[in-house]
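To start, the structure itself, in structure tokens.
The first chain written gets the first letter, and so on, giving A, B, C and D; residue counts start at 1 in each chain.
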Amino acid sequence: MSADLAVPDLSVDLAPNNPRELRLANPVIAASGCFGYGQEYAGLIEVSRLGAFVSKGITPEPRSGNAMPRIVETPAGMLNAIGLQNPGIRGFVKKYPRLWEKQRLTAIVNISAETVDDFAMMAAILDEQPGIAGIEVNVSCPNINRGGYCFGWDPEMSADVTRAVRAATTLPVIVKLSPGAEDVVLVAQAVEAAGADAISLINTLVGMAIDVRRRRPVLGNGTGGLSGPAVKPVALRMVYQVAGAVQVPVIGLGGILGVDDLLEFVMAGASAVQVGTGIFVDPQLPIRLIDGLAAWMIKEGVGSLGEIVGAAQPAAVRAARGRAAEGSG
Amino acid sequence: MATDTVSPTLPGGSGGSSRLFVGQVESLDPIMGDAMLVSVRVPRTVAQQLRPGRFFEITCRHETTFDPLLRRPFSVYRVDRERGSLVFLIRPFGRGSGWMARRKVGDELDVLGPLGNAYETSPTTRNLVLVAGGVGVAPMVMMADEAAAKGVNVAFLMGAANERGLLPAAELPSSVEYVVATDDGSKGFHGFVTQLARDYVLWADQIMACGPEPMYRSLRDAINPIRLNGRPPVQVSMERGMACGVGACLGCVVETKRGMRTACLDGPVFDLDEVLW
Amino acid sequence: MSADLAVPDLSVDLAPNNPRELRLANPVIAASGCFGYGQEYAGLIEVSRLGAFVSKGITPEPRSGNAMPRIVETPAGMLNAIGLQNPGIRGFVKKYPRLWEKQRLTAIVNISAETVDDFAMMAAILDEQPGIAGIEVNVSCPNINRGGYCFGWDPEMSADVTRAVRAATTLPVIVKLSPGAEDVVLVAQAVEAAGADAISLINTLVGMAIDVRRRRPVLGNGTGGLSGPAVKPVALRMVYQVAGAVQVPVIGLGGILGVDDLLEFVMAGASAVQVGTGIFVDPQLPIRLIDGLAAWMIKEGVGSLGEIVGAAQPAAVRAARGRAAEGSG
Amino acid sequence: MATDTVSPTLPGGSGGSSRLFVGQVESLDPIMGDAMLVSVRVPRTVAQQLRPGRFFEITCRHETTFDPLLRRPFSVYRVDRERGSLVFLIRPFGRGSGWMARRKVGDELDVLGPLGNAYETSPTTRNLVLVAGGVGVAPMVMMADEAAAKGVNVAFLMGAANERGLLPAAELPSSVEYVVATDDGSKGFHGFVTQLARDYVLWADQIMACGPEPMYRSLRDAINPIRLNGRPPVQVSMERGMACGVGACLGCVVETKRGMRTACLDGPVFDLDEVLW
């Protein structure tokens, strides 16, 4: 953007109700599972420029993940069935929190578990760690084969997890919703009531690909999570619905590959966005988005992000969201 | 094993040296039947530090379409460190490779790399055996160039379905011993290239191979009876579908004796004896 | 396909439990809303070669549909919010049944309503008409703004509709499932128990696009139904799940644009497929699929479709589906 | 109105004459600033029966990608009925039109058409006024050629943002009276072309227009005060996003006094007075 123009205010607080705050310099966040532990892309982009990044999903115990193949390309998207390969919460805390603190990164830890107690246990461990700006609670693990029924499909179960995590830590808590829920709005309202500081959506849609030559599913896990531009229309719709029904900040994601995509999510009601698959396609994407958003705001004479959050919502909702967004910088 | 599953940023891994850049296609030449040699102009620094076995992830679509979405990994067939150009050997069997093979001189490519680790020649190696299957010949040719220049004795064993699929001998340094095998016997040994490898095991200080996974299994079965406690060591390049190419997505793992390893960052080159087949 | 080889058996009966049968010459069906009333594409392809076609959704009363824009392109897909523009059941029966009978077309009528009684009422009217091979019950109208809650999301409500339609007609009844249901398998089992002769899925996913310049939703209706290659992974997964859980024939659709896509659905467990958006992209697609399937079967030495229905399912399921498929030709 | 909402298959509708075929690009010539004239070789039968206002839906992507998915409708700028070729005027403002403008001579196009109805000149028409806005000029040029050849007196009114956006006079038959307007006054009348139309209302037996929808509204407002009970009649071509192009999806409707009509089958040409604005 041209230097002679005032740089607009891109900052946002994603936990306005939490004294610890979750203030980001800009609304662009790298999504969980797509940015490793903040180290892998360090040689390619200035990680410190990101509003924040979310770690790979951490589980109570170490996991070696699913059988290969774990990814397969689909039209304008991809399916993944990584299976939450990670060192487990204890292996994780040994290595990354202090490293992140040293690197001065705004890091959010994505946690995933199969019982409410395990969620709480991990939150308690993270609460004492340095270098962690917030927790993202993954209530949807579509490609983990345990019973298959998903916390995130049920408002009560999602609220239980949120309440337990909320009780276990004073860190900002983001609850990441599953698009598999019958009515994502009910889940959103339930987790808001249960103390979520912010809500992020969407996680992947459960999908499948079949190898016609071998006459069997392509992925080792059978099914996988669909992401990328293909899912953007579904993600936008859900963000639009949820942003119209809750007061806490909403973080939108699903298929963002350019500034226009980011603006669609913001106008749908998102106070910030995450990018996942898009980073694989273009490692520079987060930087392009930050600079492109600033340039667009200057061109359009938009001084702060809050002015356009929910711009595509009905007037009534817009007013409410507008306040929420302004409240969050 | 499980706590072992986080990929460390290895030296030679994409951590430090890799970058995003625009390459420009400077020539396309048919080779090995339906394959294509695509020469790409790149920043000289990229060419200078490049080592055989490392690869690049290239966006194989026009910027105005999102399909196919993901980059495609391609290893390097030949490098010109002075001019700053890389030659890729492309077999157009799908959408991305087909797109690459359809490029025209002057087209620009969105390239990420170099990525992954490289084949390592030990300083003491005098006799090197290279085993290539089909399009896997690419990094073996670059290695042959490098080793021959260093005065290492190279035996280059290549296998293909038929004569058309073989690498023309003229593509290799004259000092290299070139032996071929074809599945249909139309040229050279009638059978798998891995059978040929047997005769070189005792001569070789190191063996390096690149080809489809079944080739590695048959190589193992062919030479292990002759190898003495893991000598000579064998390095193989593992092909995996890839998304990020930098160790971030864990989509390309290879199961090894030391746990899950990523083909894009810890690999693609692995010790044959380390991989769990 | 080369003439010297025996033409494989592509025929299938999609209502093996119904004495009236729903026997198609081949498993390729044009999907509802994408093939009008069987007339619009007559100049471009030999409509009589299709296994069957499904009419635009018919409602109890005439509808003039949603405000424009009604369609917008998305990555590898499209959103539509037509709003069920149609002449109503009475206007419909005046014109098409006799026409179809004259044209010797295998026509399936897609019906859509907002009460169980209206579904039954339409089924009763269609029962007396000539030229109708079957009824497809659309229990999901994602882009109709009436309360928004969808029959197809609830197993009981879907079963009620099925039972009422079943009671009102002896025609083969296909129930078309909504991908919005939390667990599509429960809905499938409920409608099977309620008397559905076959099950088709998926209908569109609810999505949205926002016009960044105008700062408002692109579609006149706000949200729309997502279709095309983008949704194929989700459709395949649901077909795979449903085919593994019911005995009645399953008709798979969602993003089919080529023979490999068709084979993926068949191997997932579909006894037949529908093509919608793909026809817009290539009006010749249904013919390409029929000829391409026959050519593939000859190449692979597959004599009848039943041999590969569910080929990608676990062995146990495959055996069961195999029988069902053979039973249906 | 509601029972009226099923599109009947009209004569001139795509029912009979349209077809799928492969066209071959034979030339590309820049025009009107950033626009491009793309000449495409087509079956002679297609060219012979073609009438001004009808359009073709063209697949604007390589066959190996699904994005952008839908065909794009383009009307015809000029036709060579003997050689069997069509010239399309493309303004590259998006993905499909951009793709079209990037074609090379010899490229093949997947074409569906001709689709829709056409502008109709009544046998009694002596004086014809054509009003063109921007890229909407395409069917107006084809109509000017046809009318001039029949000896009809043609006044061709064209509007554009600036001089660069105007059609070069040489593109029209010499007998045609060519009058231009620019929004910035860089050439001709300073203002909207619809203002110019006023002076021709009483002279004209028929008026035909093609341009963006706002142009039609301003045309209506400009000339209706002068028109006497609907004389002269005015035909306009309505632009709509399209999917099927044949009246099957009902995605492109125009609300008219006689109910919902499809732009692709019942249209794109409508009577100005029939459309509900």
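Please note the rule applied: a contact is a pair of C-beta atoms (placed from the backbone, for glycine too) under 8 Å apart; a residue touches a chain by one contact, two chains touch by 3 or more.
Since the structure is predicted, the reported quantities are computational estimates derived from the model, not experimental observations.
Between the chain pairs C-D and A-D, more C-beta pairs are in contact across C-D.
With each centre defined as the average position of its C-alpha atoms, the distance from chain A to chain C rounds to 35 Å. Computed centre separation for the pair chain A/chain D is 47 angstrom, with centres defined by C-alpha atoms. With centres set at the average Cα position, the gap from chain B to chain D is 54 Å. Counting partner chains per residue, chain D shows two or more touched chains at residues 66-68.
The set of chain C residues that touch two or more partner chains comprises 75-77, 228-229.
Chain contact topology: the protein chains form a complete graph, every chain touching every other one.
Contact residues of chain D toward chain B in the complex are 61-62, 64-68, 95, 98-99.
The touching residues of chain A, counted against chain C in their complex, run 74-77, 79, 153, 180-182, 205-212, 215-217, 223-224, 226, 228-234, 236-237, 240, 255, 260, 263-264, 267-268, 308, 311-312. Against chain B, the residues of chain A that register as touching in their complex are 33-37, 39-44, 56, 61-65, 68-73, 75-78, 80, 82, 85-88, 91, 95, 228-229, 257, 277, 279-284.
Within the complex formed with chain A, the residues of chain B that make contact are 1-3, 5-7, 9, 14-20, 59, 66-71, 110, 112, 240-253, 259-260, 265. Note for the complex: chain D touches chain A at residues 66-67.
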